[in-house]
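The letters A, B and C name the chains in turn, as written, and every chain counts its residues from 1.
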Amino acid sequence: MNQWEVVIGLETHAQLATVSKIFSGASTAFGADANTQACAVDLALPGVLPVLNKKAVDCAIRFGLAIGAKVAPKSVFARKNYFYPDLPKGYQISQFELPVVVGGQISFPVGSGEKAYEKQVKLTRAHLEEDAGKSLHEDFQGQSGIDLNRAGTPLLEIVTEPDMRSSDEAVAYARTLHALVRWIGICDGNMQEGSFRCDANVSVRRPGQPFGTRREIKNLNSFRFLKEAIDYEVQWQINEIEEGRAIQQATVLFDPDTGETRTMRTKEDAHDYRYFPDPDLLPLVIGADWIARVQGELPELPAQKRERFINELGLSAYDASTLTASQEIADYFESTVAVAGKASAKPCANWVMVDLAARLNKEGLEIAASPVSAAQLGGLIARIADTTISNNIAKKVFEALWTGEGASADEIIEKQGLKQITDTGAIEKLVDEVLAANPGNVAEFRAGKEKAFNALVGQVMKAAKGKANPQQVNDLLRQKLAG
Amino acid sequence: MSLTLEQVQRIAHLARVEVSESEALATQGQLNGIFELIEQMQAVDTRGVEPMAHAQDLSQRLRDDAVTEADRRAAYQSVAPETEAGLYLVPKVIE
Amino acid sequence: MIHSSLKALSAALASRQISSVELSTLFLDRIDRLNPEINAFVTVDREKTLAMARAADARIAAGNAGPLTGIPIAQKDIFCAEGWLTTCGSRMLSNFVSPYDATVIRKMHAEAGMVSLGKTNMDEFAMGSSNETSYFGSVKNPWDRSRVPGGSSGGSAAAIAARMAPAATGTDTGGSIRQPAGLCNLTGLKPTYGVVSRYGMIAFASSLDQGGPMAGSAEDCALLLNTMVGFDERDSTSLDRPAEDYARDLDKPLAGLRIGLPKEFFGEGCDAKVMAAVQSAIDEYRKLGATIVDVSLPNSHLSVPAYYVIAPAEASSNLSRFDGVRYGYRAPEYGNLDDMYAKTRAQGFGGEVKRRILIGTYVLSHGYYDAYYLQAQRIRRLIANDFVEAFKTCDVILGPTSPSTAFKLGEKSADPVQMYLSDIYTIAVNLAGLPGMSLPCGFVDGLPVGMQLIGNYFDEARLLNVAHRYQQVCDWHLRRPDGID
């Protein structure tokens, strides 16, 4: 038997959307000059002490509620002790035995089309902790430079059970989590700036066997790297085992240039972190009133919205997922439907996911910056629904809205005379003219060439400047040719 | 119980304190004397006793999320062993 | 003037009998003369001191002086003071000029208008009971210069005993205010944990450390305590309580006061002559109308073992920041990063500090945490509960501060365990977080004896009252060592 099962658990560090650090009043703004945002507390000057940022706790509670987890009434900050130059105190303040969020789960679709399936990943915990600084390795006479601006930035470390069975599942989970933390406003999700980083615990086993030894791939800051790193690591582990070597537990780094993982040289003795409760910080107590307040502030969550899109609007699971990828997309879609009408939900979905998305993509714009507003798009789709215009004309109107040629679809249709011709008499006249002018096509059609029919349709539409109702054109042509 | 020389060396490494062979030997003797004292605790039955991590039974106070600290890099780095371009310099960090 | 109480000095300043510059100069001159032998001060900066004194005089002249404006004071070198060398008695910080003020320093300087005379010597990182672990050399006890002043606030104690300062700050993690106060014939108070901010006070064991006043009398301690306390938003363990005047009850009669004597403090292990001095103080309290009751602290014999797990555990972590990267000492020669750490810390820390770092590292390490650290925390709870029980039947607890008078320099430094046992009566108070104080109660062979008073949480005013009434009927605290005038 030559089959291997992949087992993956993810630990994600989401930087929380606070203006100040988790234990100090220094700014968390990105991109400042080195060490200009490292205050006495962040630098661990002798004698300084930490005081907890309330907003960071708010964010943790939000997350806990959003994933149906238990928000711990009492959680404890512990010190994780190890020496590293980007860790000024010689310990990281984190949560160990009693984290603020326990349990919960995240569901998401994996794949598309026929092979799509729903996956559920259980979360072990999520805990608050501080980020470390940065070591810069460019050459300072053979030394490293340390920037502590990031030290003390609030993080929520979100840990899953080893529930994922492929890199695709891991990426789908990570994307869903990424969307969720942005959705509930606790993390800006900026992966280039390191606001959302994944560590992947990867092992392989024969189905039915106990878990294999895992290796942890650190700090994957793009979904592509996450997939590539896992795929490489899985193949590496399988090769090792098949060649008779046992996997050693290790922390590894992924090199995007080579596409390979390699063991980290530091942290060999780091497994003895000597965790103990931080004597400078008292237990974090979260009362029912606080939880209720945060609950009241939570928006409708993507999973709830997705269900609603499927059940109330009749969208497919795939469409519903795409449209709930971010709060901005969902808001745009819902505003479009509000104008176009629920009956047009499916065309609204298509317009947002296909036409609008393509146009935005071409210009490199976010949906929030779309020149065509949701109300404008909704107005346009309403005119398709009531057959004022055809789909083809609608594309013209859309382009006109994009370039600002009018304030609404109606205005553009009116001004540019794009209203669809639905008068049977008028269309019949055009059909007769085209049949008379194209005897060759007529003959070909009669000889069995279906293609010739399309050419005739095209001629009629051309003569109508695209405004004739295509269905009527079709019907009339068939009638006449049959007659 | 008593600590072996290897244990002394291991904890010295964990604590990043260089100890020579002879220092480790002397330290071993002293630590074992201290642990003899500490071992008195082991005779006490503490089942059901809540560990006491703080001198007060209170909960953590929280601060509002506001930036209160200004840039004082020049002052802070004036006491640093080695800096360049606003960075603290250390022997090459190898990951 | 140099022997005057803070109250008298305050009155002299207020009436312009003397200026703060004159008063400070008086003490600075004494430091110049006496410190070379006593070694109580690590740093003195006449210019800085006089600048503060001039500012204080201006404040007095402008009529917005507080009760201690212009009063000179010595600061234990564990408190960060902006622009001052702040060494914590260690080579590790021998070049560290603090870029910021501890909250206690800020309160004394900016709010109270007090004048710092300098930074006092101490056991390295407050780890010691004799001041012999200081990188800057041991401090001599002004009562007998072949003896230790106690520690870790030994420099502060010797500075006051030799009247190089009228008062000083100290910190107390396991007795470091009370024991040197006892050995140098001073009055010193360790407040309830959380009453004095720890911000800027270099951490030894965070859950035990507490700053407090050391002075010539309970009354002086009360005045100093008034300037030191207060809620600090920069310290999560600082307590937000209404302000109180710690001098308010000083003169309250002691009739009806119940003084508890823990039988564990009056057994073997204490010098008989020390015990006799404490006994006569108890007799004095009877005369003052107090009732003496027997109490028990059955787990107190476990306080030294539990302390030598908890304090080193916290210290091992607190002292990890001293790594030669951002401030302080860095070894002159090293290879790679780990070698830089290991050499910097081997050279920057002294023997006792390294010993405690190793103990702490060990008790927190994998496989030992439960047996040592967690067990010590459970015993800590038992010890704290003992006090809760005891205070059901008494108002204050009384006993000796230390089992003996000041010992000879070098006498215990080779044997850590013997040294640790010199804090046997003081440590339980820190574990419980209670207020405690030491005050003079007699002499044995020319050396001072201290007695300890322990109060319930937030009962500092009562402790000061109990001490003050005693100091109204005896003169132990007014005695001066020979050769100090």
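One rule holds in what follows: contacts are C-beta pairs under 8 Å (C-beta built on N, C-alpha and C of every residue); 3 or more make two chains touch, one makes a residue touch a chain.
All figures in this text were calculated on a predicted structure; none of them were measured in a lab.
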item: Which of B-C and A-C has more C-beta pairs touching across its chains; value: B-C
item: Most central chain, judged by mean C-alpha position against the global CA mean; value: B
item: Between chain B and chain A, distance of the C-alpha-averaged centres to the nearest whole Å; value: 41
item: Centre distance in Å when chain B and chain C are each reduced to the mean of their C-alpha atoms; value: 23
item: Centre distance in Å when chain A and chain C are each reduced to the mean of their C-alpha atoms; value: 57
item: Residues of chain A touching at least two other chains; value: 40, 43, 45, 51-52, 83, 85, 146, 272, 274, 279, 281-282
item: Shared-contact residues (touching 2 or more other chains) in chain B; value: 13-14, 16, 53-54, 56, 58, 60-61, 63, 72, 76, 82, 88, 90-94
item: For chain C, residues that touch 2 or more chains besides their own; value: 96, 99, 207, 233, 236-237, 316, 320, 323, 325-327, 337-338, 341, 361, 365
item: Residues of chain C defined as touching chain B within the complex; value: 95-97, 99, 193-194, 207-208, 233, 236-237, 239-240, 299, 301-302, 304-306, 308-309, 316, 320, 323-330, 334-343, 345-346, 349, 354-355, 357-359, 361-363, 365, 371-372, 374-382, 384, 415-417, 420, 430-433
item: Parts of chain A lying in touch with chain B, wherever the complex brings them together; value: 18-20, 24-27, 33-41, 43, 45, 51-57, 74, 77, 83-86, 135-137, 140, 142-148, 253, 264-266, 269, 272, 274, 277, 279, 281-285
item: Chain A to chain C touching residues, read off their complex; value: 40, 43-52, 79, 81, 83, 85, 88-91, 146, 271-272, 274-276, 279-282
item: Residue ranges of chain C touching chain A (in the complex, touch as defined); value: 79-80, 86, 88, 93, 96, 98-100, 102, 198-203, 205-207, 233-237, 313-314, 316-317, 319-323, 325-327, 337-338, 341, 361, 364-366, 369, 373
item: Interfacial residue positions of chain B with respect to chain C in the complex; value: 3, 7-8, 11-19, 27, 30-31, 33-42, 44, 46, 49-56, 58, 60-61, 63, 72, 75-76, 78-82, 88, 90-94
